[in-house]
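Two complexes follow with chain A in common, the first pairing it with chain B and the second with chain C.
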Partner chain A sequence: MNEFIFFINKVVISGSVIGSIYAMGAIGVTLVFAILRFAHFAHGDLMTLGAFFSYILVVLFPEAGSFIGLPTGFVMLPIAMALTAIVAILLDRSFYRPLRQNNVKPVVMVMASIGVTLMIQGLIRVFAGPSSRNFFFAERKDIFRIELPFELASRKIVVTEPQLLLFVFITVAVISLHLFLTRSRLGKAMRAMSDNPDLSRVSGINTTMVVWTTWIIAGSLAAAAGTLLSLDVTLKPDLSFNILLPIFAAAIVGGVGHPYGAIAGGFVVGFAETLSVFNWAIFLRPFRDSLPDWIDLPNKLAFVPTEYKITVPFVILVVILIWRPTGIFKGQVL
Partner chain B sequence: MALIKATGLHGGYGAMNILNGVDMEIEEGEIGVIVGANGAGKSTTLKALFGLLNVTEGEIIFKGETITNMQPDKLVRRGMAFVPQEYNIFPSLTVQENLEMGAFVRKDDFTHLIDQMYGYFPDLAGKRDQPAGELSGGQRQMVAMSRALMIEPSLLLLDEPTAGLSPLYMNEIFDRIIAINKSGVGILMVEQNAKQALGIAHKGFVLANGTNRFTDTGTNLLNDPEVAKSFLGG
Partner chain C sequence: MSVTNRPFILFCGLGLMIALVFFKLGTAFSLRMLAEATCYAILALGLTIQWGYAGLFNAGIMGFVAIGGFMSVLLTYPLNEKFWQSDSPSALGTVGLYIFAAIILVYGASQLHRIGVPRKLKNLITAIVFGISYLVVITALNPVAANIEATAGFIGGFGLPVWVGWAAGGAVAGIIAYFVGHICLGLRSDYLAIATLGIAEIIKAVLKNADWLTHGTLTVSPLPWPVPTPNDIGFIAARASYLAVTSIMIVIIYVALTRAYNAPWGRMMRAIRDNEISSASMGKNVNKRRLEIFILGSVLMGIGGATLISFSRIFDPSGFLPLNHTFLVWVMMILGGAGNNLGAIFGALFVYIIWTMSEPVTLFLFESFATWGKDIFGWEIPTDLAARALQMRVFIIGLTITLVLRYAPSGVLPEKIAKHD
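Take a look at the complex of A and B:
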């Protein structure tokens, strides 16, 4: 029974946490691709930037959270999301739009976004240095230990407050995104432009407004993902570097251009990571006594050592690109 | 006053000129049909009128205003609608959503117009919640035309509306075009099926090498032995 609880903590909860983060990043990547037709490599940096905005706000107003009883970083999230959305629009106006207006090839846009990545990373290094930061310097991180009503279960299910808030947030975000895309005039126009940009133009759809909306959604979700990830662990300035590959893998697994695919892809990649670093030897231990002597049970029995976790999304990416380049939901091919 | 009047249009893609002086004029509520051989500049003329092509010489006047090289989104607001020959629907949007997108520029309540479209094309009424990409070729064409009609245009530009359709759908589309025209919408269309199209046309324009070869009423062109010999297959 304890082994099962260990599995819930290490795989189910951790996988959902990281899957939610990847999903939020991948939605942004997929929407930007659907509307603007290029792979936006600076997306991870929008996440770092959003997390830093939240962090700066927490440093400025460390008491804000205690009024509501939530972590200050979470209370500051809406402001950080708005700031990141503005940055995303400014980046578009100053770097991507001039290129778009000159009808450059998509690969030029990709290169420009790599340039933006280097620029933002440099700026963050200059102002914030290379060290990690903890959001919980003035307050305590609440940890909930849930006991299961079984006699054999002495271990407890452990979930932190930021993790619970993350689950609430992604649920609300996904439902709102769904309603926006299927019910609102602008959301339908986004889908229309993703379907057929030329026809959108001849139908009189305000394509500039659609592009802005795309950056607002992508930027604010990136800020949320970055902040919520940093609340769960710590804020690392190299966050974007480590997260870029998994979110692209998630977007491609789901089918590029499909927001629902990106969500599914995020969880597929997240769970694949936690399942492959999980120590399966745990499940064999109870049978140690009944096993014949010549079987020597290893202490650690995982598919991938934890420090090589980053290879998992890479392998998924390669496998998907070879066998099903359109992803689960039959998206575009990057 | 002419609904649309184009004089001496020159233009093309990049450095290559496709139009070498096209004249086109139809009155309000008329049907104009553009016919001609492949590469004569038929579709290019429509694109030039709708601002999708750089016009280097000549003038286009729509409802008394000069609109040469005006952007499509502005033309839509002035009451001109365009149905491209291909990729003329939003395939992953439902039929109903396609119509809503056609009405994007409208700020008023347009539910009565959607009902009117389902009246024109009863086939679509039962499929309103189905993605338009799942429909047959003829039904897609109906979606495309309905989408364009959602702005209640005074001029509807149709680029080969019956291309690739079965004879059954072809006749239905022609019937609908006549019905739409009867409701007061001016129509300018490019059509491969020249005989049938000229049969319903008030004005016909026969293009060759990017310029007008014959311009007359539809009936006169049909009865002109020279037109019949070179463009209508005898």
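Take a look at the complex of A and C:
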């Protein structure tokens, strides 16, 4: 029984946490891909930037959280989201829009986004240094230990407050995104523009507005993902290229231009990562005593050693590109 | 300044710059800088045929550099007697047989449809066979690897001549490029960028963690040179002869690439780049040609990486950084002019000189700025100022990429459009 609880802690909970983070990143990537037609490589750094905005706000107002009883980083999240959305729009206006107006090939936009990545990365490291930081310097991180009502279970299920907040946040975010895309005029305009940009422009849709909305959604979700990830672990300035591959894999698995697919893809990639680094030998241990001596059970039986975790999203990416480049939900093949 | 004179003037300016560096900083330092710059020029030539001739986005140059460097280390580093005298080689050979058997089994399973097995069942069987053989190979390899690490450190090299190692570096980089390109080139170019970025990180992770094969973060040194090393004939003579070797390589590659560019093959490549649909309708096999040029460029990157790593005389997997080995090369290529071989060489030399000079300059600027701030506003100077100041170069590289793309997309030496009247 304890092994099962270990499995829940190590796989179900941490898989959902990392899956939610990937999902929030992948929604942004997939929307930018659908509306602006290029792979936005600066998304990982947008996440780091958002997390740093939250961190600065927490340092400025360390008391804000105690009024409501939530971590200060979470209370400051809406402001950080707004700031990151503004930064995303400014980046678009100064770096991507001029290129778009010159009608360059999409791959030149990808290069420009790599330039933007390096710029954000450089600035963050110049001002913040390479060390990692903890959001909980002034307050305590609440940890909930849930006991199971079974006699054999002596271990407890462990969930932290930031993790619970993350689950609540992503549920609310997904539902409101769904309502926005299906019910509002602007959301419908976004879907129209992703289907056929020329036709939607001719039929009088304000494409500038749509592009702005895309950046607002992408930027604020990136800020939220970065902040919530840093609340759960620590704030590191080197998120960029490490998180990019899983996010792109998630977006492509779900089908490019398909927000619901991106959510599913995020969880697929997240769970695949945790399942493949999980030590499956744990489940064999209860049988150790009942087995004959000549069967030697390995101590470690993981599919992928932890240091090769980056291969998991890559393998998923390769398999999906060979087997079904449109993704599970039949997105566009751009 | 007319376009015909431009290369001449630019290279004269570059010569002046190099002369100034020689004059100010001494011969030994300048020769080192030039030798490294020529290695980067090989990388930039590899990139300029991928991006400039065919419009393929390779975001993983670092991976090809690393694999080229590693193959060169594996083949040219002296034999590790401890390893060959232990029983590890035969154990490793057994694992090799396991891998061979696994490959045959998986291939056999993937061909089951030929004897009438339904496709879905075949896919399922292939996946299961692959999973099981993967686990078997891993469990067989782990104790052998641990044993090698414990007794001999790592497997060492084969002590072959250096040029064999460099050629093998290029060849293995080409093989990896074949697999990546085979999967991604039929799709949109963004996918190639994502996949190459991923493969570069994976190659780095493997080189860093497979201690039995690469000595991991413990690094391998000193690497052999094709010419006498500084220990034998002194820094200046040794570096000058290395520079001569790389320069000859660049000249050969340049002549070959320029001939290819002007040949029907190069014209076809540009046709595919500029209008894929019309060249496909002329009967050109677009994906096959792209694969061809992607492999060719990656081979050059592998060779360039091998020369670069050999020159540094130390193989350190954690020293491979996307900034130094991917994006710096990008800046060289787009600043010099995509699709212009002379531009790539100019860009590589120019940017590398600036890059080397920028380190002391940035440090100086930041320190004077910090003392100035301390005197006037009473700032506290962070202790890791030097490390932070160097990060400013990341910002500058990024800014250069975006600015060049926006204001001078064809670089200082634009591609010459041939006109046939």
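We adopt the following convention: the second predicted complex is superposed on the first by the 333 of 334 C-alpha atoms of A that agree within 3 Å, B and C clash if a C-alpha of one lies under 4 Å from a C-alpha of the other, contacts with A are read in each partner's own complex, and residues count from 1 in each chain.
In the analysis below, contacts are C-beta pairs under 8 Å (C-beta built on N, C-alpha and C of every residue); 3 or more make two chains touch, one makes a residue touch a chain.
Since the structure is predicted, the reported quantities are computational estimates derived from the model, not experimental observations.
Once the two complexes are laid over each other on the shared chain, residue contacts for A:Asp195 go to chain B alone; chain C is not touched. Among chain B and chain C, the chain that touches a larger number of residues in chain A is C. Of the two partner chains placed by superposition, only chain C is touched by A:Ala39; chain B is not. In the superposition on the C-alpha atoms of chain A, no part of chain A is touched by chain B in one complex and by chain C in the other.
Contact residues of chain C toward chain A in the complex are 55, 57, 59, 134-135, 139, 183-184, 187-191, 193-195, 197-199, 201-202, 205-206, 208-209, 322-323, 327, 330, 334, 382, 384, 387-389, 391-402, 405-406, 409. Those residues of chain A that touch chain B in the shared complex are 185, 188-189, 191-192, 194-196, 198-206. Residues of chain A that touch chain C in their complex: 33, 38-39, 41, 95, 98-99, 104-108, 110-112, 114-123, 125-127, 129-131, 241-242, 244-245, 248, 252, 298, 303, 305, 307-308, 310-311, 313-314, 317-318, 321-322, 325, 333-334.
Partner chain A is touched in their complex by these residues of chain B: 50, 52, 72-73, 76-77, 82, 84, 87-93, 97, 100-102, 104-105, 147, 151.
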